[in-house]
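My structure is below; once you've seen it, I'll send some questions.
Chain naming follows the written order as A, B, C and D, and within any one chain the residues start at number 1.
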Amino acid sequence: MNSALLDVVQSGLHTVDLGRQLRVGMPQSPNHPQFWHTLPRRHGDMVRADGGSAANDMISTGTHVGTHIDALAHVSQDGKLHGGANAGDSCLGGKYVEHGVHTIEPMLKRGLLLDIPAYKGLPDLEGGYEITVEDLQGCMASQDVEVKAGDVVLIRSGWGKKFAEGSAYVGGPSGVPGISEAGATFLAGLGVHALGADTIAFEMLPPGGGHAQLPAHRILLVESGIYIIEALDLEGLAEQGLHEFLFVLVPLNIFGATGSPVRPLAVVPA
Amino acid sequence: MNSALLDVVQSGLHTVDLGRQLRVGMPQSPNHPQFWHTLPRRHGDMVRADGGSAANDMISTGTHVGTHIDALAHVSQDGKLHGGANAGDSCLGGKYVEHGVHTIEPMLKRGLLLDIPAYKGLPDLEGGYEITVEDLQGCMASQDVEVKAGDVVLIRSGWGKKFAEGSAYVGGPSGVPGISEAGATFLAGLGVHALGADTIAFEMLPPGGGHAQLPAHRILLVESGIYIIEALDLEGLAEQGLHEFLFVLVPLNIFGATGSPVRPLAVVPA
Amino acid sequence: MNSALLDVVQSGLHTVDLGRQLRVGMPQSPNHPQFWHTLPRRHGDMVRADGGSAANDMISTGTHVGTHIDALAHVSQDGKLHGGANAGDSCLGGKYVEHGVHTIEPMLKRGLLLDIPAYKGLPDLEGGYEITVEDLQGCMASQDVEVKAGDVVLIRSGWGKKFAEGSAYVGGPSGVPGISEAGATFLAGLGVHALGADTIAFEMLPPGGGHAQLPAHRILLVESGIYIIEALDLEGLAEQGLHEFLFVLVPLNIFGATGSPVRPLAVVPA
Amino acid sequence: MNSALLDVVQSGLHTVDLGRQLRVGMPQSPNHPQFWHTLPRRHGDMVRADGGSAANDMISTGTHVGTHIDALAHVSQDGKLHGGANAGDSCLGGKYVEHGVHTIEPMLKRGLLLDIPAYKGLPDLEGGYEITVEDLQGCMASQDVEVKAGDVVLIRSGWGKKFAEGSAYVGGPSGVPGISEAGATFLAGLGVHALGADTIAFEMLPPGGGHAQLPAHRILLVESGIYIIEALDLEGLAEQGLHEFLFVLVPLNIFGATGSPVRPLAVVPA
């Protein structure tokens, strides 16, 4: 194949891993089944006559754990999913056939990082801080990037540094920084394909407020059909000053599920 | 960013999904925990005061189910993993730290399809048929492709058509076609990065033979450090006659696991 | 405490275990999540400074596996549960609050074994054989036992011998012996508290018929409020000729579940 | 059967449930996989032609959750299990064959409640309080009960009232009351069959000390072969002033596991 694509690839790529490692005990929302991994069979448990042995795994987990993507079926508003489908009836045989995660196409898209704390000259944003439309516009201008229809936009708050701390990352008393209704409306208006953040719930959570209100989820998943990517590791992109890249995300093709753990990549020429 | 990469991507891509959909009841090896997906919370179970509702998932599964990749830690021979590590000691705290699936880098590689039945003028290969070195060489010549170091080579037997039939796909009495010791040695000698097939165990299984002997696993995983990808859907590539492509595979970053379900992609310019 | 109860107990008891051992790979209905047990932590994985070490487990399973009891919420007919509750509405927040397994009181009841093959002078009953009302009545007479209201009646077919064979136990092509509509109606009329059998589905399954029709489940669970106990091991009782005993069954108190694995006991004075 | 046992049973029994209800979100040790229950199939998901429908469950859980029993294989000391078996070698094929929970016989034993706060005239004991040998002896005297070989002794601290509070029950900063090395040695010396408590770790945990040291586990499980029952609900027995009873405990027969959730009963004549 005479392929410009392969030529570019083979001329060398630099890949930044935006996914969190899946480890037992990592911070996650208590609303979802905890991630567990264990080895039912270890080497030596059963050795074949020829000296060969195989080890294997068992995983029990929710799909909204670690770095993950929300399918449109994840959230409903007033009994309706995106496009107006009845949320109750849309579950056929125990599967979300219409807007399940199996309906999300693998993404090879233009990706943009909006590094809000860098723009604001802060080490990171504080719990409960709402990233405003002005913040988003100012950041784009300062980074000299323009959001185009079909882009995937990743919003860095710096909160991701807390992932290693465990429960502090989840927020709770401190709240979590992020965009809210205004920011979601603004970015949806630009026709983005998906939005991501370095926090567990993507959007701003007020101190102690928990998940009582999630307006950005409503605007993006229900009203706009825009996917949400949560718990991204954006520290590497920020350190390297990478604001534009090829964004690669391939959800697991789980029939009828509301989300999937993912390991997104940001790719640039080496 | 003035990026040839983004230019190529945005000039249009054609993506072929090589992964099987993860569905309860799909065929899998009985050696691994069965794939199950269920919805702990459906829309309507708990509706917030503002009319919002979230549905979620629970997954219980092995990692060697559906389309998946084997980490080097999956197989040992005579008590040793690839590189000679003691297979027993290599499990630290219940995790394969050294050769676990978390050590597999995401792949953006040159991919090749070797369509053996097309080369042999057969609809597909029969259970228990061993794909020979001559088959591999003849197929490469007829397709006019050359395997280079670092490539990912996918070997089509046509057996994947049986995936929808359930247990017939697993083989058992019929056996399963594939390469064996000679083919694995030949391809390993070409310096491939990973090998894949459209069968559940990658290599030839004799009728009724089961998994008593897996020489290709030993040669590739233990002796050569070459990853194995199983249960690929190669029918789309074959129908479209695509033999060379950008191969994209991103394993879940599960610390210490022996494998991961994956959804590989073959990408070419549109 | 001056207790006749403790006196009897301490004068010596003989206990017969009616439960199957829970093992990975045991036969079970494919309709339910497979039983899996694995050790996330083994001794030596993590040793405390004082030399102590703890091993632990992870279980993933359905509740209708191994020897188990069906809660009334397990089955509905024409959209209604026992007592007429709407089957759809009765699931509150993803739990069967009304007739879930948590509503089954622990049982210390008079238990009776009806050993049908012994009565009929057969080694065991054949797949698809329907145990008739005449069989039940004849067996009671030959055993000189009378069923009273509140009793737990266990019906032996001899099929339990196949448990060790795996899939043969499940039935499928062969069908499975058991009572059907007539037998269930007759025993319900005697006011039994619960019924059990040594088969996976309790009632007769015609060869190749699978679970397309389960009239005994409808009559017992939906119409009569009588619990069903499945996959009992009744071989020990039969060998010892024990037809009357104290029946002890303690379901797990799983809030809102449709069943529970159980380990019932038959107890007699030593 | 002319059975004094059945006569006593049918003359009426009063049963006190000593098990906690298994609910998603209940307090448990973070060392063990979290208890989760979900309904893969609800009524209406799949209705048979005859109008029948079955709902079912999926459970994912550790075995040391809710009210549970520790098998002797749960704890090792200096690489040895009870009886001196090598803790590493004792795991055969991923199962604790020798001292797994499948080796615990169902219990129908004389049970005693030692209500320590009642004896001491306190509402309940404080976190970190060590129940002394004097406390145990004084309580027995005040209750006028004598511990005999083979008895099951349940030690109430009153801490069980916190179960509904969630994390407070687990202890952590507050510590948890219970016996420690001296109390375990004393009770082991009396030849008890099993010991239980209304706390999550059975023995005293110092404030903030966590599970760094568990001397009572070592003395009972490793040195003495005495089973430990944790997270009992002893409030009902205390309120009713029941100090002596028939204790019924039937562990799940899980091959090779280190523990089992249980639902123990205290039974007295009505």
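Please note the rule applied: a residue touches a chain if its C-beta (ideal position, glycine included) is under 8 Å from a C-beta of that chain, and two chains touch if they have at least 3 such contacts.
Going by UniProt, the chains are A, B, C, D = Cyclase.
These numbers come from a predicted model, not from an experiment.
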Touching both chain A (Cyclase) and chain D (Cyclase), which chains are there?
B, C
Look at the interfaces A-B and B-C and say which one is made up of more C-beta pairs in contact.
A-B
What whole-number Å value describes the gap between the mean CA coordinates of chain B (Cyclase) and chain D (Cyclase)?
45
Using CA atom averages as chain centres, what separation in Å is found between chain A (Cyclase) and chain B (Cyclase)?
25
Taking the mean of the CA coordinates per chain, how far is chain B (Cyclase) from chain C (Cyclase) in Å?
41
Within chain D (Cyclase), the set of residues that touch 2 or more other chains is 33, 36-42, 58, 60, 94
Please give the residue numbers of chain B (Cyclase) that touch chain D (Cyclase) in the complex, ascending.
24, 36-40, 42, 58, 60
Along chain D (Cyclase), where are the residues that touch chain C (Cyclase) in the complex?
1, 3-6, 8-10, 13, 15, 17, 19-23, 31-33, 37-44, 48-64, 73-79, 81, 87-88, 90-91, 94-96, 102, 105-106, 108-110, 212-214, 217-218, 243-246, 248, 250-259, 261, 263, 265, 267-269
Contact residues on chain D (Cyclase) for chain A (Cyclase) in the complex?
25, 30, 33-34, 36, 38, 40-42, 45-46, 60, 92-94
